[in-house]
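Chain nomenclature is as follows: A, B and C, assigned in order of appearance, with residue numbering initiated at 1 for each chain independently.
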Amino acid sequence: MKLKKILPQLLTLLFIVLVFGFFTMNAQENMGARGLEFGFGFLKTQASFDIQFSLIDYDGSHTYARAYLVGLLNTLLVAFIGIILATLLGAIVGVARLSPNYLIRKTASFYIEFFRNIPLLLQIFFWYFAALRALPMLEDAPMLLNSSFMTIKGLYTPAPIWTNFDVFFTTIIIAMIVIFFFAKYAKKKQEQEGKRLPVLIISLSIFIGLPLLTFLIGGVDLSWSFPVIRQMSASSYTFDGGLKIPPELIALTLALTLYTTTFIAENVRAGIQGIGKGQKEAAASIGLTQSQVLKLVIMPQALRIIIPPTTNQYLNLTKNSSLAAAIAYPDLVLVFAGTAMMQTGRAIEIVGITMATYLTISLGISLLMNWYNKRIAIQEK
Amino acid sequence: MFKYLKQLTSLVAVVAVLFAFTTESMAAKKSKTLKNTQKKGFVRCGVSQGLPGFSNADAAGNWTGLDVDVCRAVAAAVLGDANKVKFTPLSAKERFTALTSGEIDILSRNTTWTLSRDADLGVTFVGVNFYDGQGFMVRKDSGITSTSQFKNGISACTNIGTTTELNMRDFFNSKGISYEPVAFEKADEVVAAYDSGRCDTYTTDKSGLAAQRTKMTNPDDHMVLPETISKEPLGPVVRQGDAVWEDIVRWSLNVMIEAEEYGISSGNADMMKTSENPAIKRLVGTEGELGSYLGLDQDWSLRIIKQVGNYGESYKRNIADTGILPDRGPNNIWTKGGLLYTPPAR
Amino acid sequence: MTINHMNFFKPKHQKNRNISLIMGVLFFSIGIIDFYLNNYFNTNITSFLPRIINFFTPLIFGVIGLHLIRIEFSGIKILDSLNKNINTTNFNAALSVSIILLIIFGLPPLLNWLILDANFAGDTKEACTGGGACWVYIKVWFNRFMYGMYPNAEQWRVNVTFIGVLVFMAAGFFVPTKLKNYLSLYYVLILPLISFFLIFYLISGGDTEISFAFIASIIYFFLCFFIPSKKAKLYFFSFVPLLYIFLSLRLGESAYLAIPGLLWVETGAWGGLSLTFMVSFFSLIFCFPLGMMLALGRRSNLPIVKYSSLSFIEFWRGVPLITVLFMSAVMFPMFLPDGTYVDKLIRVVVAITLFEAAYTAEVIRGGLQALPRGQYDAAKSLGMGYWRMHVFVILPQALKLVIPGIANTFLALIKDTPLIFVVGLLELVGMLNLAKTNPKWLGFSMEGYVFAGIIFWIICYSMSKYSQKLELKYKTDR
């Protein structure tokens, strides 16, 4: 009987060893024939190429390792903005899908059915090559909100200029910590004495008041630099000052948001519908107001159903952001597995590092979600 | 028990077979590109995805261009018919991998010969069929007539992973101009971005600029600036490790150039058989056994000249007459002031 | 609830009700007409009001109008259903009016562009004179979009192959009940083989050769089926590879049987929508058994099997498809012996299959988990071994549960196929990108994307509706 357990495992092990051994042998041989050595030393060499959009300081004289970092930060930026927007929009559309209003309901389901059934790549292409290319040239662009310009070269908005930003930042962190402890204290007080403190108002005032204080006495100052048009030649212009958001980023974020919203909306709808009617009736029967029912009864249970698949969608959004390689947005895949790989020829190392990065992000989010799931899981009998 | 023994034996048999195959293919690693080409009956040539003048397909699927002619010359030499070529359009990203993995046997794709590529990618450059340099293209109505008029904040479109991307940076750095690089993978997207106004300038090899200009909505609205900011010797590439095939491709190209040097063209090649000049006699095959050194027959060079023409004819047909670059510039025979100087075919 | 306190128009008597109704319709219509005139005729009947209010007059009038017709229990059926659906509160009324205005704003220009001003007839770019979409462009390039660079004269082969595969797929529904047991074998093993051969001979074409050694081995393989004793059967089976090697070494390289074929079309020329279907079809067919194996492995108790399946699944689920395709295009050739060249299309199908198999494995695992433990226990109590139990009891039930999940995976697969442009294969979206840069047809990118969007939408929407239908059908079974 022992053999029955051991033999399949042995076979599997043998199979894996054979496959990996075959690949490794060939790879070593092929690389030897080309005079290439397997190694990560190339990361320390100079990159020699510039990147269009970077959150950190970077130019061609930095190393490939720093180029990798730039690509990674760009990916995380798109993922972050996309996740926030998709969650907000998804919640709205998901709730709208359940509205008693016929028009709103139909509009929401039309939206979901429309954007869900068109491939994401096609949507990205549409937004970038068709829609954003139709924007006006810089000299013709109308001014929005008295400060910003939406042009074919990107969105130009005013940029904030801080003095003593670190003071401001630490104050915000301190305010959040204070609010956290205050909320705990208020909850404890409510459970012990039944007295309810106006938590929301006090938290809000702390959150707004403390940072404002730094403006007055902390030496923090905020000024704005506005984009000003400058003529470079007889027909081309540019904007000086201000913040420039490249159209590649806008197209990618827009397409990702619209696409992922459909899935999140469906999750929200499933979550809210998954709560039995009995819950709402029971809550009403013990005298809770509408908003209390929402906050204390419906949302916690709905969130339990909504959050796991939604976290999956966040993961999908992060992975889908790799499609930036199709338009010229310098995310991890385009910068590292595209330009860097073409310049150095080290396919195995670079593709390996890229896949490892995405794996780490995926596994990290999965672990986080598993921990959260365990924490809120209802103990079944 | 017996059952498991049977399973084990079959497993061992399968494993033995697998190993036999791998060792077999490893032992047979000696390069056989020539043999395979002759067995298949066509030359596998990697070209661009559509660059007028160098490698471009028409609506019926026929490929023409300067790079195409190099492959056709090899086909004429090896297989006897210049039309026995299969063209594989490749992007910049996959061009070298296609070559090293065995998908193609010659990469003739206006590829710049650089040290890092020659030494580090497992490929060998076998010659230069076009001496070029990198330049910039701008709209005529911008009023810019020289790169010295570039201002800070200019946006430049190019292809990713090419020497142009690196040279562009060196150029703007040396001038101290801050610029915005917009890099796409496909040349068509670069052209579209520049054409629509997304970028102020488009940079690549000057031959590429001239060729891509024909693909814009209004070619006459654009001009190529006079400055050349780098050396871009373009030439065919083969896999490292197959010396015979390297020589065949190298000398097919050299034959085309040397034929023009001695005045042999597709029109007068047969007449030239009666010439007294020993160099010409060697090229048309009436003297010498050059073909046998390469594993080819006597008429290999004659076929190249007759079926594809000499370098001048190829240039005229593909690049001058189509209006891309009427002036040959450095791409002329050394006796006429150009850079094309080949080792003698003897 | 608080806004309704402004119900100072709430009518109490019949007469007032009618007046209120008429006034409401009037206000509403004024709002709509104002908006319509603003947008399409550039006239502004309310220009005497300050600018901010002027911008919102259609909305305000509409909301007032809807408020006036919000009469409870009016007795008019249409009015009641209207009120219940879009007019319950003022907030809802405002939203409804906004949506109606949005439709008025967007729909006519869209229809104009799509149909009314569009050009349908013609052959060249000059035929596109109107301001609308140039469907001539799609018409001219239609063959390319459907078949890629496949030669026009040979496109009948692609059609025949697709019809043939459909026929074989449908044939599974018409078998007599006696053979129904072999249905799963048919779908998992025989159908892929048949389709592969159809594609190989019809679409790819070209002359092929089969070595005599190979033919002999196949004949020996089938002969082994007739050996009655099971033990002896296995014993003789194991000699098939040895026989093949022995014969091929002895007979040499020249012992081939040549089979003439149709004109050879290389896989680089395949493209368009037909390529989308081919890639999706083969990926689905192969990822299904692989996913099943992985799901079973994930749930097994043997540690090595379990953890290797787990790491395989988590690896493929954690990386984006585009890096997988990069890997297959650029990295994979390094892992093969020098000089072996695997066709690009095969590499792509293998990559997508492995990728989707991981997701399929998770879906099937969900189905396996959903089965009550009683099934496992009952099967074991009947003395069934691991494989018997799974093949006859567990898998049929589990697969029925996960059919919607599989349909979802197939949908995701179809939506993922445009990514194969990174390896240079041009399916529909790739052909679009190629066509839009053709010098004779510049500037029609919008039409191309709309066309592809419509096609994908039709395919994906019908598939999702079908999977919903399947889900309902199989739900009632349990």
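In this text, a residue touches a chain if its C-beta (ideal position, glycine included) is under 8 Å from a C-beta of that chain, and two chains touch if they have at least 3 such contacts.
Because the structure is a prediction, the values reported are computed rather than measured.
Asker: In terms of CA centres, which chain lies closest to the overall middle?
Answerer: Here the chain at the core of the arrangement is C.
Asker: Between B-C and A-C, flag the pair that has more C-beta pairs in contact.
Answerer: Contact tally favours A-C.
Asker: Using Cα averages as centroids, what's the distance between subunit A and subunit B in whole Å?
Answerer: So the centroids are 42 Å from each other.
Asker: Approximately how many whole Å separate the CA-defined centres of subunit B and subunit C?
Answerer: Measuring from centre to centre gives 40 Å for this pair.
Asker: In angstrom, rounded to a whole number, how far apart do the mean CA points of subunit A and subunit C lie?
Answerer: The answer is 26 Å.
Asker: Which residue numbers or ranges of subunit A touch two or more of the other chains?
Answerer: Residues 22, 29-30, 33, 129, 133, 325-326, 341, 347 of subunit A each touch two or more of the other chains.
Asker: Which parts of subunit C, given as residue numbers and ranges, touch two or more other chains?
Answerer: 330, 334, 336-338, 433, 436
Asker: Hunt down the residues of subunit B that sit against at least two other chains at once, touch-wise.
Answerer: In subunit B, 7, 22, 26, 93, 97, 100, 189, 192 touch at least two other chains.
Asker: Could you please specify the touching residues of subunit C with respect to subunit B in the complex?
Answerer: For subunit C paired with subunit B, touching residues are 149, 151, 231, 234-235, 237-239, 241-242, 245, 266, 268, 329-330, 333-334, 336-341, 344, 423-424, 433-434, 436-437, 439, 442-443.
Asker: Which positions of subunit A touch subunit B when the two form their complex?
Answerer: Spelled out, the residues of subunit A in touch with subunit B are 3, 7, 11, 14, 18, 22, 25, 29-30, 33-36, 48-52, 59-60, 129, 133, 137, 152-153, 230, 232-236, 238-240, 247, 325-328, 334, 338-339, 341-345, 347.
Asker: Quick check: in the complex, which residue numbers of subunit B touch subunit A?
Answerer: Against subunit A, the touching part of subunit B is residues 4, 7, 11, 15, 18, 22, 26, 92-93, 96-97, 100, 116, 119-122, 138-139, 141-144, 149-155, 160-162, 165-166, 168-170, 173, 179-185, 189, 192-193, 196-198, 200, 240-241.
Asker: Under the definition above, what is the set of subunit B residues touching subunit C in their complex?
Answerer: The contact residues of subunit B facing subunit C are 2-3, 6-7, 9-10, 13-14, 17, 20, 22, 25-26, 28-29, 31-32, 61, 86, 88-91, 93-94, 97, 100-103, 186, 188-189, 191-192, 195, 214-217.
Asker: Touching residues of subunit A toward subunit C in the complex: what are they?
Answerer: So the residues of subunit A in touch with subunit C come to 5, 8-9, 12-13, 16, 22-23, 26-27, 29-31, 33, 99-104, 107, 113-114, 116-122, 125-126, 129-130, 133, 319-320, 322-323, 325-326, 333, 337, 341, 347-348, 351, 354-355, 358-359, 361-363.
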